[in-house]
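First chain A sits with chain B, and in the next complex the same chain sits with chain C.
Take a look at the complex of A and B:
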């Protein structure tokens, strides 16, 4: 078992690195890059959602801001794209700290409402501020690698997104072992008790919120230079945010690889739908139905089925006597 | 000055409609402590059904109501009994949002598939004219919308206050366990509460179809608007939601005539954030909300 749990991630990582050279055409490289992008984003989402239990449906706001920040810096100020990417991610993180301070004051359903409102607000601002963003006509960004053709660009961005995914996974793993991560989990289990035990809940929540926004905005910035054209209705769509939630829930929010597994299922399925059925809206119905089914029947995700017997209370509900029976030889 | 009066008058008229559209959300929150994100999606489902009845039968859009209102009542009961009642109680607030979000996506996808993504509208001859009082133009469709909304809300209040069902519904909202102790079937009442809430969506959808063009994705804007209304009004308070609806309708109307449409919509989010920061329990009552 131990060799499996150690070896499997290495094997998957090796396969992922070799992926662009294994597939027969550039379309599959493109689909792979898109999948890895979603995997990176849902892993980042899980930094907030998985640890603290705060479900944000509005992380596409940070995706869109990262994308537009990067795009505007490149187009309007002629900044090199790497610098633009980092600067915009930094700005979005600062913004997320501000939003986080306001947003995490409310819990449960109100938090979800705030997160949905955030996306709609950003969409309004970007569409309304026509002189800066180009409004609903969109923003065109020149290709960062003029020497490469489209297919080769897909390969480059596949590796960039893979690096981002690795970074997000490492961060999640590091946080999960830290005191900070234990504090976040305490918030998920019982926020009032955590606070009364001295966990700085407000600060922890804001840090988790901004950290998760940082990685999502990096993905958005990479997306902007990769696609070269931004449409406010797409990048600030509720759909991108709900994909992050769906992927994480489906895979399992309490597991490092949960969102990754969810992304590996949902993103290719979405691409397949697009090819098989064309540009209809029925993929929304499919996404919605899967979300309903996951929430109803599998709220702990696929991985929870394998790693734990049942998602019962984290503190075992047994008497001291039963406990003694367990440890007695 | 006329401009401001115009904004004020339009604001009151649309505010009345907002009050109707938000009343369903307050009911759901009251009976189940659930934020029903799919409510606006059902509104547009009703709008599209009205459109179909209007175009295929060629009758007045309001004649769709005898069909849609019972249908939506049954749908509402089904959503509560078959879906929301099955969720684990310890994480109900979060999971119910995701569940109803999934329902909203499902409806949007189906509408997009059957009706295509382009704009549809129901226009009646009487809706294009307007009434002019002292330089203020009041379009007839807005007046009709206000009238229908006011009438529906009056019926709703009468049912809630006068009828036996209304009393047991209010008892369930106020204290579930106590209601059960005095012999109210709270589960059944909660189901009917959802039915009534969704029935208001059927009426609201028809009115909406009359006054504005719509497309499948339009419900997202309304989620933000209606959420702002029920948070400002105080979650779970039907009266609070109605007052907040008029207030936000007037604010929207004023900003619309003085600044522009983007800022008019933005006001809803500004009020939402201010309410959550300053007074999370809402400005008009809403004793329930402090727990959320």
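Take a look at the complex of A and C:
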């Protein structure tokens, strides 16, 4: 079993690396890059949502800010795109620290509302600041690889998003094995109790929030130079944030590979609906329906069904009492 | 030497004065009992000491250093640990993970260190062994019985190495054999130098275990002293029995 659990990720990684060379056309490479982008973003979202239980529907704010930050640095200041990507992500992370300090003071539904308010505000700011951002007409960014045709660009960005996904997975894995990660999980279970055991919960939440924002903003920056055209309505859409939540919940927020599995199901399904039915709103309805079904019937996600160590009834009282009788002073 | 001192501690919830100018002193090395009728402010007093709620006025001093309005984690780092009236553990974490949550210091290097640091795991096993639940370390905490969860809660508190331990109804909902075990543990831990403040409705337990008993009524202490004298105090009889 252990060999399977170790071997499977390696096999999936090998398949992912070979993917652009296995598929028959560039459209499938594009769809693959989009799927990997969502996998990277939902894994990043899960650094906050999965560990702490704080559900942010507004993470598209960091996606949009990363995208616009990178785009503006390239277009307005002629900064090389890699530098623009990193500087933009750094600035968004600093911004996220400030937002996080204010946002994680509230819990539950209030936090969800604050996160939605954040993305709405960012959308309005970018649309309103026409002289800088281009407003609702959007921002055009020159291709970073003018020598490559569109299909080849998809291949390059497939690998860039794959690298980002690898980094996000590695970070999640590292955090999950640290004392910091234990503190975050304790916050998810019982925040007051964690605080009473010495866990500085406010600081932990802000760090998780900012770390999560960092990776999502990197995805946004890559998206900006990949697509070359930014529309504030799309990049600051709550839908993108909802996808991150849905993918994570569907796969399982408590598992390293949960969001990845969710992305592998939801993103291709979305593309399929778009191709099969055209530009209708049916894929949105389907997304909403899947979200409801997951929350109702599979709140722990698909992978939780395979990873629960011990199921069934509680460990009988007798064993404890018998032991206690045996060791009573 | 004084372990903990409160001076004029006051907290109101709307029109209800839950703690009313409570001045209390706990001496180091004692097992102190805190008793009183339901609604007399005992748990609110606990919450004020541990920073779970902020007082309207008054002071909390631990070892002569003011800790009023400090956050709960800072108070935990100062050396005060607590359990809750309704047993609180982290249900979806394993028993061992529950133990390893406790943070004594917040140095970056320690936070980023691996969860299963050998020294910490051994320390956790030591406490689990003393509680008699070391065989359950891999189990998820939600799979434990209520009594086992009570022991786990106490073990996790002790992982933070507190010098003052506040126990909120440790005998609540547990069987007599386990109560005897908890009493034994508290005595042993006290003999090792820890001070205790125990809120409890089980009078046999309080009178048999505590060196010093404080009686609360309407948010403030009305009597205190050794169990034998408190038991006969007319103010206590009036508060409990209305006679």
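Assume the second predicted complex is superposed on the first by the 309 of 329 C-alpha atoms of A that agree within 3 Å, B and C clash if a C-alpha of one lies under 4 Å from a C-alpha of the other, contacts with A are read in each partner's own complex, and residues count from 1 in each chain.
Everything below uses one rule, namely that contacts are C-beta pairs under 8 Å (C-beta built on N, C-alpha and C of every residue); 3 or more make two chains touch, one makes a residue touch a chain.
Predicted model, so just to flag it, every value in this text is computed and none were measured.
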Which of chain B and chain C A:132 touches, first, second, both or neither: neither
First (chain B), second (chain C), both or neither touched by A:18: neither
First (chain B), second (chain C), both or neither touched by A:107: first
First (chain B), second (chain C), both or neither touched by A:82: neither
Which superposed partner A:198 touches (first chain B, second chain C, both, neither): second
Partner chain in contact with A:274 - chain B first, chain C second, else both or neither: neither
Partner chain in contact with A:238 - chain B first, chain C second, else both or neither: first
Sites on chain A touched by chain C in the complex: 177-183, 185-186, 189-190, 192-203, 254, 309-310, 313-317, 319-321, 323-325, 327-329
Residue numbers on chain C that touch chain A, as the complex places them: 50, 52, 71-73, 76-77, 81-82, 84, 88-94, 97, 100-104, 106, 110-117, 132-133, 135-136, 138-140, 142-145, 147-148, 151, 156-157, 159-160, 175, 177-178, 180-181, 184, 188
Chain A to chain B touching residues, read off their complex: 53, 55, 57, 102, 105-110, 112-114, 116-117, 120-121, 124-125, 127-128, 238-239, 242, 245, 249, 280-292, 295-296, 299
Touch list for chain B against partner chain A, complex: 33-35, 37, 83, 86-88, 91, 93-99, 101-113, 117, 216, 220-221, 223-224, 227-228, 231, 235, 260, 262-263, 265-266, 269, 272-273, 276-277, 280, 292
